[in-house]
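After this come two complexes, each holding chain A, first together with chain B and then together with chain C.
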Partner chain A sequence: MDAITTKHKLSNEEIFTILKSFITEVIGEEFVEDMDISRESSFARDLEMDSIEIVSFSEKVKSHFGENIDFTGWLSSMDLDQLINLKLDDIINYIETCQSSK
Partner chain B sequence: MPVIQVKNKSVHIQELNKGARETIVLVHGMFSNLSVYYFNIAPVLAQSFHVVMYDMKSHGMSERCEYGYDLLSMTDDLRDLLDALHLKSVHLAGYSYGGLVAMKMAMRYPSRVKKLAVIEAPDPSDNETLSIIDIYSKEFLVDYINNYTDTTRMRMGKRQLDKNHRMYEYLFYETSIKEDMHNERFFFSDDTIGNIAQDTLLIYGKSSNCLPSGRKLYHTVPRSKMTLIEGDHNLPIQQPLETANKLKDFFIGWQVKFKQINHKLWQALRLSYHP
Partner chain C sequence: MSKFMFVVPPFFGHISPTLSVGGSLLAKGHEVIWVGLKELAAEHIPAGGRFIVPHAELAEYQPAIQTILRMQDDGPNLSGVETLKLALEGTYIPFARYMLPGVSRIADEFRPDVIVSDCITFAGAICAHLKDIPCVTTTPVPPDVTGDAMQSPKIFEWQHNLIRNLQYELGVYTDEYVIHSREMNMVFTSAEFAGSKDPLPHLKFVGPVKGRPNNTPFDWDRLSRATSPKVFVSLGTLLVDIRKEFFQKLIDAFAGEPLTIVAATDPAIFPEWPDNFIVQGFVPQSQLMPEMNAVICHGGFNTVNDAFLNGLPMLITPIAYDHFHTASLIENAGCGIKLRYKRLRVPDLKTAMWEVLNNPKYKQAAQHIRNTFIQAGGNDKAVELLETFAQERTRTLSV
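Our next item is the complex of A and B:
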């Protein structure tokens, strides 16, 4: 998938919607139906994503937001516990910060 | 999602820093996947190298396969992957059983491996190692039951339990993995290990059960050096940054560092020269 360079800054809500769609693609609609995906959802605990699913998710984030953010670099600064406790809101805030620093 | 076709099989790969001059290929262990490198180790190596990670057959997001988990087949897979990516010669690092794959690659295709790093490779003849797949299987099943019945502790969710259970069930009961791994039990006795000509770095955990295996390799592989890190067999998870930095320093090597220092000195001299 080619990187999509967004011409305008996405709102917090728009980023949330995009990330939710990525989660659905990674873990499958049949599982998402039973989940309440919120900004406070943690990847490992609440969404039950394993490491290879988080890889898949982060590749989608990288493909979508392209050069605007160094998502892998940001993740690499975290230890295992931080990755496990990573919440959707953390990623939304990170993407928003990257957008505003452009 | 970068899934490529290699000899008519789907292989999930991830690449970082594609434009770099030299490539490091990272091989994960059995019952794992490329995520063991993806989050912490690969980004550090990608500061200086093109990094390629791939999921072995039936692991991660690569295609399932009933046969070919022995070291010959696994190195055929790796050679085919290098061909598909047009990589003639690479640095190679492997963890656990992936370490054995990396060594076998250096033995079979020496011209395609520049430097070799082996992380926590077990001696397949150890009884403990031989029983690992059985232990893993039983442990998994016990965990499966415990986590289902014990609601008082934090547990793996049902979806993950089912997913893992399906993977183990498939590998243990529908593929040749057990037999293939068992057939590699004499690998450390293979005389050609002593012919590995590459500079080799052996990384082991100070409290790892595999440490004696590392010491055996240190005495067998001619151009090997050994480095120990706090931790056990799960070193890349426990100490990812230290593991990454050891790998990076090794693959960069003192010659390159010397060149970098030389270059900086030369630039400084040019800047300070005012005729």
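Our next item is the complex of A and C:
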């Protein structure tokens, strides 16, 4: 049902808005309030997501943007410094690229 | 009689079990020394043992060592991947480099029959390999047998390259890891609790070893007057920066509840505490435990082991480092509930606490783990394994 919305390509800004709502759902509104999520937010350090939260975030991304977005697979191809420096903006760009390659 | 040389990092959680086992070896007439990076208070060192810091060889590295030790305080602010990087690349590898010259000199002087090297002080095992001395590894925390979901092939490669390059740099020209003993790795928990179904034969799970006596005074009268369920709370010796925030959450959750909270922390962090909180900086932890009904802790293995030895259920709030892994093991074994500190909500804390106290399944599971700990053998088993190992290896070397 969610996947139907991906029939048209979403803009970069739309993806950002959707990801922000997923993050809020995954880590809880009261914790997000203090975080001030931006495109520059680092995934590991600023959002403090642990592996369970990353998996649940990844499932939301998949069910919304389509099964061909292998978010955890993409993460596991990274080296340590790439993971440390991963920003929300990188994820937005990744999803945008996956959409255009369909 | 045999000569044992322990090589330990400057972290008390890793040193503590070696002091206990070393004390038992000394009591049986063996010679025991410790080699460390940082002096240890004399009161901790078992009678007859010597704790040696090779100051001469470490002198040029002191500024770097101090920087590394300060970086450990940043743990609660680091993500999982940053912690991994700090641990291996930022701490264990440079420590191995700094320690090896001093460890080698002391090994030449003491001529140990066995080097017992902690799992994160690679210098001990590397020295043993270079000098052909029999080697045992000690592992205080249950090893992470499953690995983290975030682990990627590139992280394995990073890890592998760091270790191989360290070994090459220190004169070990093999691609096999020699930083840990392949002959014996002594783990201070039970195989069942570690979730290790079919452990490799060189892994010896001996359970927790006995702590040393602690006769710190305590207001036992006040405790004996308390009629409500008693819960012990400790954050261990580290994590000073977040203490106030942590205990504020406990106060918000439990002030006025029909509970008695015994908290091991400096009372001065708040001008006053709720009436149902008994607070003291240092406490006789192992004497207190038998009086408790449950424990709240962050997953440091000292408190976790004490809680298990008394069959107590736990509420664990992992904060940093290996706490997450220990907390998952406790939850998987059914002995408690894990609430990640970074996502700790006061209502959840309250609900989880009463669930742990009122649902008997947690206590039953904790009592089962206690039995596996006791069956693992503790100090006696550790001594027996080390004595046999020393005798067999000495015999092999002399023929």
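We take it that the second predicted complex is superposed on the first by the 94 of 102 C-alpha atoms of A that agree within 3 Å, B and C clash if a C-alpha of one lies under 4 Å from a C-alpha of the other, contacts with A are read in each partner's own complex, and residues count from 1 in each chain.
Just so we're on the same page, a residue touches a chain if its C-beta (ideal position, glycine included) is under 8 Å from a C-beta of that chain, and two chains touch if they have at least 3 such contacts.
Predicted model only: the values in this text are computed from it and were never measured.
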| item | value |
| --- | --- |
| Chain B versus chain C as contact partner of A:F31, first or second or both or neither | both |
| First (chain B), second (chain C), both or neither touched by A:I84 | second |
| Chain B versus chain C as contact partner of A:E59, first or second or both or neither | first |
| Common interface positions of chain A, toward chain B and toward chain C | 27, 31, 45, 48, 50-51, 54-55, 72, 75-76, 78-80, 83 |
| Partner chain A, residues of chain C touching it in the complex | 77-82, 84-85, 148-155, 157-158, 324, 340, 342-343, 345 |
| Interfacial residue positions of chain A with respect to chain C in the complex | 27-28, 30-31, 42, 44-45, 48, 50-51, 54-55, 72, 75-80, 83-84 |
| Residues of chain B that touch chain A when the two form their complex | 1-2, 14, 16, 33-36, 38-40, 42-44, 55, 60-61, 154, 156-160, 163-164, 237, 240 |
| Sites on chain A touched by chain B in the complex | 1, 27, 31, 45, 48, 50-52, 54-56, 59-60, 72-73, 75-76, 78-80, 83 |
